[in-house]
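Here chain A shows up in two complexes: once beside chain B, once beside chain C.
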Partner chain A sequence: MSLSIHDIAILGVGTSKKFGEQFDKGVDDLLFEAGFEAIDDAGIKPEQIEAGWVGIAYPFTGLSGAAMADPLKIYDIPITHVENYCCSGMDAFRNACLAVASGMYDMVMACGVEKITDQGGRGLPGLNVGHTVLMRGITAPSAFGLAFARHNREFGLTKEDLAHVAVKNHYNGAAHPRAHFRREVTLEQVMKAPIISGPLGLLDCCPISDGAAAVVVTRKDIAKKYRDDFVMVRALGLSVYTNQLPFDPEFDYLAWRPTVKAAEMAYQQAGIENPLQEIDLAECHDCFTITEILNIEDLGFCKKGEGGKFVREGRANIDGDVAINPSGGLKCFGHPIGATGCRMIWEVTRQLQGRAEGRQREGAKIGLAHNLGGLGGVVCGVTILSSDDKHK
Partner chain B sequence: MVGIKSYGAYIPKLRLNRELIAKGWDIPGAPGTIAVANYDEDSLTMGVEAAADCLIGFDPAEVGGVFFASTSAPYAEKSAATLIATVLDTKPDIYTVDFANSLRASTQALGAALDAAQVGKAENIIVTSGETRVAEPISTWEQTLGDGAGAVMVGSGEGVIAEYLGSLSIKDEIIYTWRRSEKDHMVREFNPRVAQSFGYQKHMVAGIKAAMEKFDLTPDKVARAVYSAPDFRSHGGVAKRCGFDPASGQVQDALFAFVGGTGTAQPLMMLAGALQSGLKEGDIILLAHYADGVDVLVFRATAALEKLPSRRAISGFLASQIPLESFARFLRYRGIAEVPMPEDTGTPVQMWRDSREVYSLHGSKCNQCGLVRFPMERVCSRCKSRDDFTEIPLTRKGKVFTYIHDNLYVNAEMPTTLAVVDLEGGGRVFLMMTDRKVDEVDIGMEVELTFRKIHEGNHYNNYFWKCRPVR
Partner chain C sequence: MSLSIHDIAILGVGTSKKFGEQFDKGVDDLLFEAGFEAIDDAGIKPEQIEAGWVGIAYPFTGLSGAAMADPLKIYDIPITHVENYCCSGMDAFRNACLAVASGMYDMVMACGVEKITDQGGRGLPGLNVGHTVLMRGITAPSAFGLAFARHNREFGLTKEDLAHVAVKNHYNGAAHPRAHFRREVTLEQVMKAPIISGPLGLLDCCPISDGAAAVVVTRKDIAKKYRDDFVMVRALGLSVYTNQLPFDPEFDYLAWRPTVKAAEMAYQQAGIENPLQEIDLAECHDCFTITEILNIEDLGFCKKGEGGKFVREGRANIDGDVAINPSGGLKCFGHPIGATGCRMIWEVTRQLQGRAEGRQREGAKIGLAHNLGGLGGVVCGVTILSSDDKHK
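For the complex of A and B:
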């Protein structure tokens, strides 16, 4: 039997009960909650899992496949620790899909977890690793925020444009029982929040969150035996650029190149020609509001330079042309680094099944999950999922 | 002919109004300002700046020696001169020497450099001296001491701008000011009046007079008397007793008004000021410096002085300034108020392996497509040619491509300005920006690179480059 990624189905999904500051829970607690929820959602037994991939970005969260084996007590099977910055979770999912598509396994699990609040300090820890002096001073918000001055110069992007992203995502996330924040914010609150980096105020930045997510992946023909509303994989794009971003004289800071490339791959795999018309919703990497603006452009939902206008005009709202971050996104739902990719898959899957826990995009058939990693866009995964019958 | 071939100086951009010190402690304040090394500067980085200023119009490959003099060198056990030479990107086979433990280290270094040039041991020796001395709070030294650096290049031949005529030294054992090794962070003194009268004034006057006699000079034949002093008042007393006329401009400004007493660096800074002030061929320059004795060196300006390309030296750096408006920051920068900082990490192995990039600022230029990259890359990121590049020194100036002011990075100065800079002649670098006002930063602004201390991870100084608005 010759298989392709279009034969791959998502059978079950789960996350930790909450995303956010979970001081009372350890890494294993989070993965326990997410992993068994996915197993139960799939209607399988843990011993049916033949292989696993666990996305973790930080060594302090966990190392090796045992990070997944221990909380679930699934021993003696191949499990791989996947690290690809903030895109670790989505890359874990991609590897799980490819393994089933290879014909080697029938039933596998991808998961991701991060436990950041056990560490002290401000912002994300450990950004100084790599070189002794190069890149000193960089922070996550400044790495992305460096794009603002260029975008402002070229296209007139404003701080208020950014604020609209936060307002939209908090509106969505406020309705989500698992979100880090369960409150809406006003444009004025976002505009007046204390400045973190450049134009980015506190409410332009995603929080430091703990959380986990897991996905059970199988073949379409097997999925049919378990449930009717399984979700199909249509594309698995992943593109890696450079760690030397601010030293690259050819980088223009107007587009996240890995997003552009991963989207090209994904649209080609899924046969999507007009993303805006064909895609109903997108979980889109919004670690900072500026990141989402560029991503919306780079994913082809609007022309370059029009991302701010696109959000401002409500076209990215839950009932807009394409619902961007119906979950609330990283901004409001939270961003446990290694977990985020799988968390996006979880949200898109449930949206396509019509069982979103937060705001439901009505009639969603095709959904996209976009996961960007690295200081200013180094790695990007774009996954496209579908509930569409023609792929079942 | 042996003598001075070039000069340079450096004055930190930050200036603290003495009134701020006075207000801080509710004590009387003197007029004027002191120059304050920024949080990322030390005697070594300032020594680099003065040496770079001195090298204007010269190729670093011509430099045959680097001598560094300071009582505030960053290391008690490790050469600063060698690192400075590496940052200046000199050839490897040069003579590097560190002079320390006496405020006279600078004139000792200058004397040694002149001797070395005279006997042909080395040619084009840069003598650079940077100083950051710390005064006790509320002491008179607090309003007196300032930070800065001065440099000269010593050599022989056509390019000599001030011919060396000779020198004279007198020793003077006296406990005037001191810092015990590894015990004293701040300058100590016992009875300044005894030391001023019987130490400084007595020996400075005696030294100058003896030198005039030795070199057959009368006061009117000295075009410029460049003599240092521990403090402003002491400086004033010497002129009359030597027969100099301060009103005529014969006495070189000791820089107390706006810079402060820069210790070891002071004579070289004053000498740079003198050489910058329009002296003519044949003018006699008498350089004298006191600390536990006096060194007097006599020079005669040559026709080459007027041909030397202009540089910032004293007048240029003096004019370029930012007021340091916080006394608390001054206390922090001097290490008096210690603020806990998150621990950073560093590995000397990496600094050693990457020293041509990190210190000398070398990049790669692709032999196939010409792309210039920093750090160097073995595979061209544009045309993918493999191990086919030329290692080149990058220019130390450029334009801001984009920037951001960041409040998240824990730094002694907030916000931290980060800039992506396109260097003139190719290469892009990501750097922190220092010595800037937040609202002057913009895309396209011209910046120059400046060598600074980035952090102290693993208990050594991790130096690298930053950028700053052109001074």
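For the complex of A and C:
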């Protein structure tokens, strides 16, 4: 049988019961919830899973595939731990799809998990120490703050443009029963929030969350036996650039090269020529409000410099030209680092099936998930999914 | 085109110039040496590499595919960082092979690197803290020491049996220009070495080394255009068990379940019915001398309980029934954790090409690499390679 990634189907998806601060739960609990929800959603038994990939970005001891095997009690199969900064979850999914396309396995699971709100030196503080050395003092808010300054100078982007992103994403996320924050915010609240790294205020920043997500991956011919509304893989783009990105003399802070390159790959694989016309919704990596604006441009939904206007005019709303972050995004839904990529796949899958738990994009046929990782954005994954397997 | 893992070929291999304490070199230097040696050996240009997988077990900051992209200056392609304890390198290779078999990429690189002799709290000491919690006080030497005790009671294995493993592997490694230790040891030296965890003495333990290894992977039809002596992939077994292995009530310390399961997978994939008759050489994970004896049994080269006798009688020698660790193994060649799996692939490849740098197994046609990871051995990879693509 001749296979390619276009024969790969998503059979089931799941997440932890909620995202956010979960001091009463460990990594195993979160992965247990997500993994078995995906297994139940797929209508399979755990022992049908032939291989696994698990994305975790912050090592809590040393890490291996046992981090997935133990909570799910799935033993004696190959399981790979994938780590690619904040893009770990999406890369776990990508490797899972490639493995099924290789013909080696029929039914596999990709998942991601992060438990960082109470890890002390092993969590974000640990990151800050490591990355402060690596990044020569630049932190995530300051790197993206610099991007705003440059965008403002070149194209006149304003702090109010940023605030519209937060308002939109909280509007979407407030309706989602699993979101970290389940409340809307006003333009005034965002504008007046305490400054973290000028001009980015508290409500321009995504939270750090505990959570997990899981995806059951198989071939189309097998998926057909289980359900009618399986979702097809159209593209698996991923691009890595340098850890020295913020210090690259060619880097102008206006476009994120890994996003541009991963999107090129993905559009080519999926045969998409006009993203804005062809794609109905996109979960994109809004770790900061400015990041979403850059991503909207880098993904080709509008011209460079017009991202702020695109959001301000409502074109990224749930009923706009393309729904950007219908889940609420990292900004409102939360950001458990290694889980986020799979969480995006989960949301896009359910949107394409017409069973979004929060705000549903009506008639969604093609969805995109964009996952950015590394301080400065060194790694980017762009996955395109389709509800219609006949789509080119 | 219909592909499977049996269409996958190794086109080029390389390692760092040496293995051992390399205080004057960083991770980037080691990966640079290994990566470009593999690229040169393959006869390709760096820009032909379409995707990468890099195995690193100890995070030196946060880790991503950029750890491979930066030293090799290969940008704008997907690169996955794989972490699976000491089995990280072999799992990087496995994922690389699956990806080529998926048809998504034609030419990729798998590599592994570790730089741990001077990492302080980030290196082995960090491991010890983490694993002391995870393993409730059991360390690697003590876990394998317990295995000796049980083996001794059940089958009468002696400390002198262990010493024969060290003597054999140092005999092999002493001839290898890249080995960490380039000297032979006598039975008396091994027997009288200071005790680390009874009965395991200093010369029963492998060292911790700095080093890197890299493998260029492609399809057979492409490999043919570059060289005649490419090596074919016959099997990619990998099996994960529980982090609680040493506390599993069913675990008798006599057989390592992940090795047994991964070997079953691999022999089935390769169509091997009698490992001892069909396999010419095996690089196997001799982190301790007792581990090699257990592995020889678990891989099916002899019956359970006869591993000591097998080595003592010279059947594992370079000219024995099956050459076990012709390179000198972890014991003598060294053990840069994340690199070891790819280093084994490198050695087996060169043995099958008749260009081993140390001791050559004459007429080698089929080779096996066995990589064990996790304290207690939670993850195991078994890869089988063949010089003869017509072999079943």
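We take it that the second predicted complex is superposed on the first by the 375 of 392 C-alpha atoms of A that agree within 3 Å, B and C clash if a C-alpha of one lies under 4 Å from a C-alpha of the other, contacts with A are read in each partner's own complex, and residues count from 1 in each chain.
One rule holds for everything that comes next: a contact is a pair of C-beta atoms (placed from the backbone, for glycine too) under 8 Å apart; a residue touches a chain by one contact, two chains touch by 3 or more.
Given the structure is predicted, the values throughout are model-derived calculations rather than measurements.
Trainee: Of the two partner chains, chain B (first) and chain C (second), which one does A:Gly271 touch, if any: first, second, both, or neither?
Mentor: Touch partners of A:Gly271: none, neither chain B nor chain C.
Trainee: On the A-aligned overlay, A:Gly354 touches which partner chain: chain B = first, chain C = second, or both, or neither?
Mentor: neither
Trainee: Is A:Glu250 contacted by the first partner chain B, the second partner chain C, both or neither?
Mentor: After superposition on chain A, A:Glu250 lies in contact with chain B alone.
Trainee: Between chain B and chain C, whom does A:Thr139 touch in the aligned arrangement: first, second, both, or neither?
Mentor: In the superposition, A:Thr139 contacts chain B only.
Trainee: Give one of first, second, both or neither to describe whether A:Ala149 is in contact with chain B, with chain C, with both, or with none.
Mentor: first
Trainee: For A:Gly314, decide between first (touching chain B), second (touching chain C), both and neither.
Mentor: neither
Trainee: Counting residues of chain A in contact, which comes out ahead: chain B or chain C?
Mentor: C
Trainee: Touch check for A:Thr242: first (chain B), second (chain C), both, or neither?
Mentor: In the superposed model, A:Thr242 contacts both chain B and chain C.
Trainee: So, A:Asp76: does it touch chain B (first), chain C (second), both, or neither?
Mentor: Second partner only.
Trainee: Common interface residues of chain A with chain B and chain C?
Mentor: 131, 133-134, 242, 244
Trainee: Which residues of chain C touch chain A once you look at their complex with the stated criterion?
Mentor: Checking each residue of chain C against chain A gives 1-5, 52, 57-59, 61-70, 75-85, 87, 91, 94-95, 97-99, 101-104, 127, 130-131, 133-134, 236-244, 257-258, 261, 373-374, 378-379.
Trainee: Can you list the residues on chain A that touch chain B in the complex?
Mentor: 121-123, 128-129, 131-142, 145-150, 153, 194-198, 242, 244, 246-250, 253
Trainee: Give every residue of chain B touching chain A within the complex, in rising order.
Mentor: 342, 344-347, 350-351, 354, 358, 371-375, 381-382, 401-411, 415-416, 418, 420, 422, 426-430, 432, 443, 454-455, 457, 462-464
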